[in-house]
Amino acid sequence: MIRRPLLSLLTALAFLIMLGPVVILLGVAFTAGSTLTFPPEGLSLRWFAAALDYQPFISSLGTSLVVAALSTVLALALGVPATLALQRGLIPGRGVVENLFATPIIVPELVLGLALFQQLMVGLQITALATLVIGHTVLLLPYAVRVVGASLALSDPRLEEAARGLGAGPLRTFFQVTLPVMRPGIISAAILAFITSLNNVPLSLLLTGPGVSTLPVEMLNYVQSSYDPVVAAVSVLLLAASVAVALVTERLVGFNKVFGR
Amino acid sequence: PTREADTDTLVVSTFSFATEQFMEVVAEPFEERTGIEVVLDTGNNATRLTKLRINKERPDTDVVLISDYYAAIGKEMGLFERIDPETVPNMAEIQPWAVDPEGYGPAYTFQLLGLMYRTDLVEEEPTSWGALWDPEHPGGFALPDISVSAGPLMVLATGETYGSGPTDADTGFERLAAIGPDALQFYSSSTEVSSLLERGEIAMAPSLDNFAMNAVEAGQPIGFALPEEGRLMTANTAQIVNGAPNRAGAEAFVDFLLDPQVQSEVAEVIYDKPVHPDAQVTDLMTRVSGEAAVNPTEAGYHQGDLDLIAGERSSWLDRFVEEVAR
Amino acid sequence: MRRAANLTGVELSRRGTLFALLVPGLAVLLFGFLYPVAATLAFPPDGDPATVARETGSLLTDPYLLPVIARTIRVAVVTTLICLVLGFPVAYLISRVPPRWSGKLLALAIFPLMLNTVVRTYGWLVVLGGNGLLSSLTEGLGLGPSRLLYTETAIVLGLVQLFLPLMILSCYSSLSQQDPRLEEAARGLGASPGRAFRQVVFPLALPGALVGCTLVFAGAVTAFTTPQLLGGARERILSTLLYSRVNVSLDWPAASAVALVMTVLVLVVSALSSRLSAKGSTQ
Amino acid sequence: MTPVVQLESVSRAFGRSRDAVAAVSDLDLAVPRGKFTTLLGPSGCGKTTTLRMIAGFVQPTSGRILLEGADATKTPPEKRNIGMVFQSYALFPHMTIIDNVAFGLRARGLAKTEVTARAGEALELVGLSALAGRKPGALSGGQQQRVALARAVAIRPSVLLLDEPLSNLDARLRVQMRAELRRVQRETGLTAILVTHDQDEALELSDHMVILNKGRLEQEGAPRDVFPRPASRFVADFLGYENFPVLPGHGPVAIRPEHVRLLSSGEPEDAGVTLEATVTNVTYQGSHCVVEVNANGLGDGTRLLCAHPGEAPRPGEAVRVLLPAAHLVTLGEDAEAAR
Amino acid sequence: MTPVVQLESVSRAFGRSRDAVAAVSDLDLAVPRGKFTTLLGPSGCGKTTTLRMIAGFVQPTSGRILLEGADATKTPPEKRNIGMVFQSYALFPHMTIIDNVAFGLRARGLAKTEVTARAGEALELVGLSALAGRKPGALSGGQQQRVALARAVAIRPSVLLLDEPLSNLDARLRVQMRAELRRVQRETGLTAILVTHDQDEALELSDHMVILNKGRLEQEGAPRDVFPRPASRFVADFLGYENFPVLPGHGPVAIRPEHVRLLSSGEPEDAGVTLEATVTNVTYQGSHCVVEVNANGLGDGTRLLCAHPGEAPRPGEAVRVLLPAAHLVTLGEDAEAAR
């Protein structure tokens, strides 16, 4: 099937579009020049040093990671059970409930941010960090429900019967059978969610407070007034970190094991 | 959580640009002098103004550094307090234009509207805004989007150059509409315009003088021209928030910001041109903007009618999009 | 995916269980989304429902703004279709190659997500600009210089790059659950690879593909940085309009109106996709 | 002694009420303790549905299910201690074979050593110890089926439900597995319900057999009773009675081909009905041949099949056919065409 | 005449080279045109893998596959015009039954009316016309299996591969489907390869049978030749020869229980070997009973099974047992214990 020309062509095109900018990014980040320029004017690591030295990036990275991790976990913890109920349960008005869980992606994030700021942060005096987590959780819920749902829809319900029949209660069945069978979906959802959170700007823009800001917001701020490659260097560092995580995963468990089954 | 009256910390809402340097030359020395801990809340003008507006009943911020035109909007919304000149002695020392006529926060720095251009692509330094209307358009040009400070200033500058005066926005829009279709892009950040120039996509663009400083300092083929007519500038002001939890600290901070020593260091490190006559204007500033960097009003620069800009912001946005950005 | 209710695994019908599974999610949704958004859309700063309604009315009748709505729809639809056409085959390939390859390909498809939007977009400036790589290429081919920057095409390209991984992962989560024997069966019955793909592989992965489409469409409608940087003021779409109203004119009721229109737009597409998904449902 | 499993007028329909399909109708069943009960019936008659209701995976539309005499209609599956081998295997694709087998043991919280021991034992039983570390996707059909069996047996359930557990095994292995099943059942005294379409299997394994037709109970009893005395034409037909002649003086009867005898000329006649016939067809069948004859006396075209172990006659030959009285089953008046 | 399908020393291994499992080893096979070939062998011996290679779903690790005499090792499945019934059915879950059956016809671009007619006909053949509008999920196991069969037959393939296509059907339906299959095959002259574990099925349907053991060919030939003359103990064992006595003067032989006769005292002896024996066990088997005896003369504990149609003797009784010469199969020296 790999021999199919159309398939190969489309795949090549897809990867070209996705990865082309990575190449440019690498060029820009390693430049010795002082502006965002491609091709680079000589090679140097100075922008990496500058990036690591820039305090707002470092402190906001911490916030971003905490928010992304917390909201991904929360979104999955709330979304996966809901998916299960939606896919396996006899719910009256199921379509409505299902669409309800998708609504956060349909409202412009900027508006959601404004709403959360106005109603929760100012109205209910919830801290910036907590509001960020709530907002991101809500934003990620559709990923959890939809992506996981799409994979659960295809799995064989007899497997759950078999588990129950073997004496596993609903929880055990869920954790040992349903969940692993859904794993590709859950991991896809988790990665999508984590990265969506990690890169989110519009939602986070207003949800910052004194001393609390997220990395992408800081990067956007930075890039709006400074024309140097620091932001490219930060991106390369993030990319390198994710490659490292992937490599370690591959070493320890095998990447395909994480996704496949 | 509400911040009650609080004399130990000072929350300063500021631009997200160069915050590290700002901490170093302004916030930390201030902390040392007063023992008040400074916490920064950064973001662009609009975002911070929006937050202040929503937070109006329970403000948690003391000082806001904000562009003059957004400051005008904020004043109208009742977000800021007038300042008693007694509490900010430096206000008596600074250039007269920098003092707010209504008694709100003063300007602490300013930026001049001019033409940033590629010295290698534009043969002769432009002396008039007319360069943009030159049918030859050597090398192409970009215009500022209405969303950046230079945008509304450009409308006024055009009005002043071709119409009845600096309030003739109609003429400004009309004339800009004539070249709108030829503009490569309506840029929305300094990075964008710098990048367009550097990659040679355009040869010139109206911009603020600060945008040119990095490139000039780095020795790139970038020049900044100050047209003879239509000299508009924008100022960054320091406002005290209405109901600030630490009012005394806020006053001290504004005064500190106007201190000639502090202004000199800010000029050196952040490229913000000082408003205190005793502060040191850097060489780079005069290389880019000449004498106007030292005394803008003497060079014929003015802020335009800020209440006009603030009041017409919605209709100007629509007009710009409908008539110019085509 | 409307599975015949009575075929469900162990029939999950006990009220209490269903309740326990759904309620936490719904509660967070209500508190963290529905309530604040409804409250802010209806009562934006300096506005009330009447002003919002008035603004919405004028938005929908303004001859200048209608093209903006049309452009938004066009850009989002085209982006979604391209993502589907490119993303589904990639997901399919990943789900069918030997496991030792699939993990690596998947990782490769995910990495671009780690790029900051601004930086990513910058890459496009380099590629699409008048002196950019693409232009050098067309010039080299004797086609003359080309500039796609600040056109609708540029926005679409940027958005495709932004959302392709999303589509790939969504499709993959469905495809990886599919029994490969089904495709074999189709091939054995005389279906060409294309036909087997269209009639068996694709319909069965439809839930995932539709989820991908919904996510991409919603993302394309609401994305702001990419259209702003690659399209500019000239190619205004609803999200950039919304941004200006919040950030330039600080006109919150008018912003509410734009948000309402965007919301309805995505809602329609999302509902459509649910409907399709239910229709093409397995079993 | 209360039956282990009891169904009281249980029905189950599928689909919405308007176009509902009744898979099981008004079924009463008492499953005797410590015995092997087989469920037989044509494809689609409701066997799987019945097992699934007993296991608790589907709820009856009406009626009650009693386990150990207590109403368990609403008891969740994992509280029933019932093992089930699924017709479609339902192996956990993400677990190795041994983990599949150990699953139920772990769910019961058994100690690690015991889990290992018992899972290994169960796998031994089905002859798949060598494949313990593989995943189900890398197994052949028959191997998968055996894993499903091992998984169900390992938990030593009080009731074991087997939905065609041996259908994908070859004859030799099937016989062997059957014997193992029988042994396990005897040794542990468990109650088993087996769905099968293999009559040898039903005969060899069952203490009690139940024949379903279109979701209803058609006949039940010990194989020794049911086989020689089917109560209806449907059952007779289903059990492999292939001859349904209407004999003068007897009315409709049924007789199996193996019991029809071709008399060599001169052989003494046993008690029974003798008919003159013409051979129309002969098929070779390994250990015997099937002779098709036309019984000339009985209305036109009455065809009889006779399983003949000896030398095969030639088509066209005239023969005498004996239907021994001992093997003739008289069908009641209610006997009508099955299906 | 060139064989329709020909395998030339075909092997297939699974897994990476280091820990590869050989599913099929060095298999040579010629499938005769217009005939029914059955593939038999124990679970996991490589039957499904062989079919999948013929259909083109898996590639041989080595060797060639010829279709109509031309190398087709790399031909994609849809270019082979081969119909396959999968062991796991592989019905398209998103299509109705009729659409499943029509799929292959549509793929061939047939006219609408013809598609409808032929799909309807195929569904008729398996007796499922009434369920045409349902989806596979709402069908019983046997019903699904029949849909899979209808789907494969509908396209009138030049080769039909059947992987245990009737295993989930009851005896009666199985016999009926078998006859239908035979009829279809005869009428259309198609070539069929059937995997089955049912010996009756193999016997009744096959013109040619192939017995595999651990991925290798063990014996092939017409059933009439293979059944009475298994070439090895493995084959004999597999084909249901249950007695493997070592007779003085004969060496190791094999004989089926049905051929072992209990002689009533005084009955004349046929040609063969007569042994004195003691009855040790009797099992009732419906149409006959299985008598287990201990042949006193042959080394200690030589157990013989005898399928006895008459009155059953009692355990402990002394009997005379005849092993008829006509049914004794002499096993070569290579005969060793199977499996």
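We just call them A, B, C, D and E in the order they show up, numbering each chain from 1.
The rule is simple: contacts are C-beta pairs under 8 Å (C-beta built on N, C-alpha and C of every residue); 3 or more make two chains touch, one makes a residue touch a chain.
Everything numeric here is computed off the predicted structure, so don't read it as measured data.
Novice: Going only through chains that touch each other, what is the minimum step count from chain A to chain D?
Specialist: Graph distance in the chain contact network comes out at 1.
Novice: Select the chain at the greatest separation from chain D, using centres from the mean of Cα atoms.
Specialist: Chain B.
Novice: Can you check which chain pair, A-C or A-B, has more C-beta pairs in contact?
Specialist: The comparison resolves to A-C.
Novice: Nearest whole angstrom, what separates the Cα centre of chain C from the Cα centre of chain D?
Specialist: Result: the chain centres lie 54 Å from each other.
Novice: In whole angstrom, how far does the Cα centroid of chain D sit from the Cα centroid of chain E?
Specialist: Taking the average C-alpha coordinate of chain D and of chain E, the gap between them is 21 Å.
Novice: For chain B and chain E, let me know how many angstrom lie between their CA-based centres, rounded off.
Specialist: The answer is 89 Å.
Novice: Using mean CA coordinates as chain centres, what's the chain B-chain C distance in Å?
Specialist: Roughly 37 Å separates the two chain centres.
Novice: Specify, in ascending order, the residues of chain C that touch 2 or more different other chains.
Specialist: 3-4, 7, 9-11, 13, 45, 122, 126, 193, 204, 246, 281-282 - these are the residues of chain C that touch more than one other chain.
Novice: Which positions in chain B touch two or more other chains at once?
Specialist: 44, 47, 50, 54, 195, 199
Novice: Indicate the residues of chain D shared as contacts by at least two other chains.
Specialist: 14-15, 56-57, 76-77, 88
Novice: Which chain C residues qualify as touching chain A in the complex?
Specialist: For chain C paired with chain A, touching residues are 1-3, 5, 7-13, 17-18, 20-22, 24-26, 28-29, 31-37, 39-41, 44-45, 85-87, 89-90, 92-93, 96-97, 99-100, 102-104, 106-120, 122-124, 126-127, 157, 160-161, 164-166, 168-170, 172-174, 176-178, 193-194, 204, 207-208, 210-211, 214-215, 218-219, 221-222, 224-225, 239, 242-243, 246, 252, 255-256, 258-259, 262-263, 266-267, 270-271, 274, 278, 281-282.
Novice: Can you check the complex and tell me which residues of chain E touch chain D?
Specialist: 14-15, 21, 40-44, 47-49, 87-88, 138-143, 146, 163-164, 167-174, 197-200, 203-204, 223-224, 227, 237-238, 240, 256, 258-259, 283-288, 309
Novice: In the complex formed with chain D, which residues of chain A make contact?
Specialist: 156, 158-159, 161-170, 172-173, 176-177, 180-181, 183, 261
Novice: Can you list the chain A residues touching chain C in their complex?
Specialist: It comes out as residues 1-2, 4, 6-7, 10-11, 13-15, 17-22, 24-25, 28, 36, 38, 74, 77-79, 81-82, 84-91, 94-95, 97-112, 114-116, 118-120, 134-135, 137-138, 141-143, 145-151, 153-155, 157-161, 164, 170, 173, 184-185, 188-189, 191-192, 195, 198-199, 201-202, 216, 219-220, 223, 231-232, 234-235, 238-239, 242-243, 246, 250, 254-261.
Novice: In their complex, what parts of chain B are in touch with chain C?
Specialist: My answer: residues 44, 46-47, 49-50, 53-54, 73, 140, 145-147, 184-188, 192, 195, 199-201, 313-314, 317-318, 320-322, 325-326.
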